[in-house]
């Protein structure tokens, strides 16, 4: 079990760095994973920019978003996003909250992101919107109260992602790698949708295509390929070999660098 | 002959890295070359992101897209794109399938890319469209069946490229270097065409200009110059000197780095 | 006191490099801080591109923008922007004048930047405009005369920023870190606002939200997090530990590099 | 005199690399300077991508664009652009022909670039257009014949730059550094003008402002600052100290790197 936990912690740290490096996250945003051995707990870094996160930064929380051990470091103010969604969605094993430039125009204009290319189907067909002001009036738009987190989780429903007006988006996944690819493909989809609109009318995927193409990012072949690519771009070996790498760290790492 | 094969394999690996580095390919897309000694076979990397491809990753396939030696590694699911086009087009010696951000708005809005600057003429005058849904109904949009590959090859016809609705594009070339420059110039052309539309009406090349300017990327002078440039940007010496370089690798490579 | 001055000088140099690296400043623009021990003086680099500024480049000026010690190096022609605003706004401790690509379309089209996402509230609700031509007729648009500086300061009023037609913007802060984050968030807000307009009508923050969200960038938790992130991206340790770092420079720096 | 020539050659090589690095030139484009000792000759690199040009690549040509010494290397096909303009414009000491992405939408839509911010005034008030097809019918759009070069020079007239339909632009300067800054500022101006148009009506500089602001890029203070900045970004010391650098190369270069 501790081995399994170590693997998830390493993969989560790498997911943070990948999403930081691929332009989904910057100084802000956060990525969590459900505890592999206890569905009533989740793992989330201390309050640090995702691109800088290391395994040692990752803390353990109850689903009420209380730290299991009182930490001496700052915690993300918005961690209820994670706790409330893990409570509402037993199928969700990883969550990312972000303000990616790609999706902000949609979150600000209140226009839905719809799947316009095969990989974009990972974001689902009818992405819901949530406006904190509707239920809570004027706030600083941070999701910090339990009732705000629960409201967001309700808006998410069974969807893979929810847009948050004048704020950003929250994306979920059945595992860390699905979350990472969904977050990246959803951003690409948003960029293409906006630019296609400048040419004419974007041609969205047919209903049946969304379901079938939505599964591409779960194909083992694709997962291996994308994870190696994104890992290489942050200068890290792909997580699959992370444990092995740890034992032979210097050589494995220098190889990863050369490979770029 | 083995020397010739080694040269093509080295050039194909470099082409993969160049197209990955210049923003035509990312985690996805693939680039192949026809076997230099056997027109009934083609060379294609194992399922790996193009920017990471090395000569050792390159496998040999029949035109039915069956591996000549059963490999122990993953293969691209969409390799029928390559096999079917090599069958239909004896003049084609290299093929690239991609989802470059530059062309996606056109593939999604269903608007033709037309040559708007001299180098963009490499993409030809009337780029055809292919919509997998027309003939095959709801799929995951990946081109994986022989009949899908043949249908795409028919849509391509004698053109240098075909746009694939809600998916991407496939580009062909008379050799690897022509393919690389055509893929890159076509992306630049698409970006300029979209932005010119925001200013007014893009002024497309006159009919006679397309034919004449389309030959620029085959001028030996231009090929040498572009190949050195793109090679330097991936930190590799230009392929022309690849064999010589292999013999004096350490020095040649460190020179290439300095040159940048 | 000298220690306090050294800290501010180090932080100001780092702020220059951060704003250069984050795309707010390029060859042009300048960033100043009020003298920590004498509100009648301010600190501003010699005429050098902000991304290259080092602590040794920072000079001391009176609020009339005269150098305290006649320097042997070039000074920024537009330093009256700083002197005149420090005179008019006792609350202002740091100032940035820039031509960031993100805000130029607004400065050129004469359209207001309004807060469209929570962090964008740092720019305030009603950003004023200043057109040098209105009061001074045809100039080279550089703000070099005292009366030009005073006019700009009047237009700024009590706002956190002012747009300058056909020129750029000037941003102020209660301290250096607030200035840096406000400058960056204002640029992000401008980009998102422009792109949201291409989708439809940008949804601006509600009145009460602007005030509340405007305070996010002053939350200690957020300041620590953003400063570490932006510092890491210029390859420098966060300024908080700058003094300690100075003592153990070689090791501290190599760590900072690894951390990236 | 040889010293003066060496200085110009070094500065021209650096100008090539700077314009390559700042996104004005890519695999294509070329930059020349008039011979400092003989106004009847000009200096131009061999056919190589500008970002890779070194002093040893620079050749000498007569104003008929014939090489003074028959070279063993490829020459740019379009060098008549340089020869014909140097013939027509005794005031011009440096020329750049480019296809920068920033200006292509204007060259393709046939819309004028007008000065919309102070630095953009370097491009002049009424940038002329030249369409090779008007006088020469269908060509490959390369300017390779003497009469094509003379026609382009006539279209340029006394302006600082000319747009070439469906091709690019040609920019001139009173010296190399003026040429470099004009080329870069003109690109920035084009980007801002296009984006301002998406917001509303770009507000162009008043007539008197163009003349005054057009001189900014010739201010010694500005030249020193921009040249240091652009040089640092290509990892080279500013040309002013180039000769000194040559003598103490290893140390001077490693300093330049640190400075970044």
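Note that the chains are named A, B, C and D in the order they appear, and that numbering of residues resets to 1 at the start of each chain.
Simple rule for what comes next: a contact is a pair of C-beta atoms (placed from the backbone, for glycine too) under 8 Å apart; a residue touches a chain by one contact, two chains touch by 3 or more.
Since we're looking at a predicted model, the values are computed, not measured.
S.K.: Using mean C-alpha positions as chain centres, tell me how far chain B is from chain C in Å, no decimals.
M.R.: Each chain's C-alpha centroid was found; their separation is 45 Å.
S.K.: Counting only Cα atoms for the centres, state how far chain A is from chain C in Å.
M.R.: Taking the mean C-alpha position of each chain, the two centres sit 32 Å apart.
S.K.: Counting only residues that touch at least 2 other chains, which ones in chain C make the list?
M.R.: Those would be 197-198.
S.K.: Just say which it is for the chain contacts: an open line, a closed ring, a star, complete, or other.
M.R.: ring
S.K.: Strictly by the criterion at the top, what is the full list of touching chain pairs?
M.R.: A-B, A-C, B-D, C-D
S.K.: Quick one: which bits of chain A touch chain C in the complex? Just the residue numbers, please.
M.R.: My answer: residues 26-28, 47-49, 51-52, 74, 77, 99, 101, 104-111, 133, 137-142, 165-168, 194, 197-198.
S.K.: Give every residue of chain B touching chain D within the complex, in rising order.
M.R.: 116-119, 188, 191-193, 195-209, 212-213, 215-216, 219, 221, 224-226, 228-230, 232, 259-260
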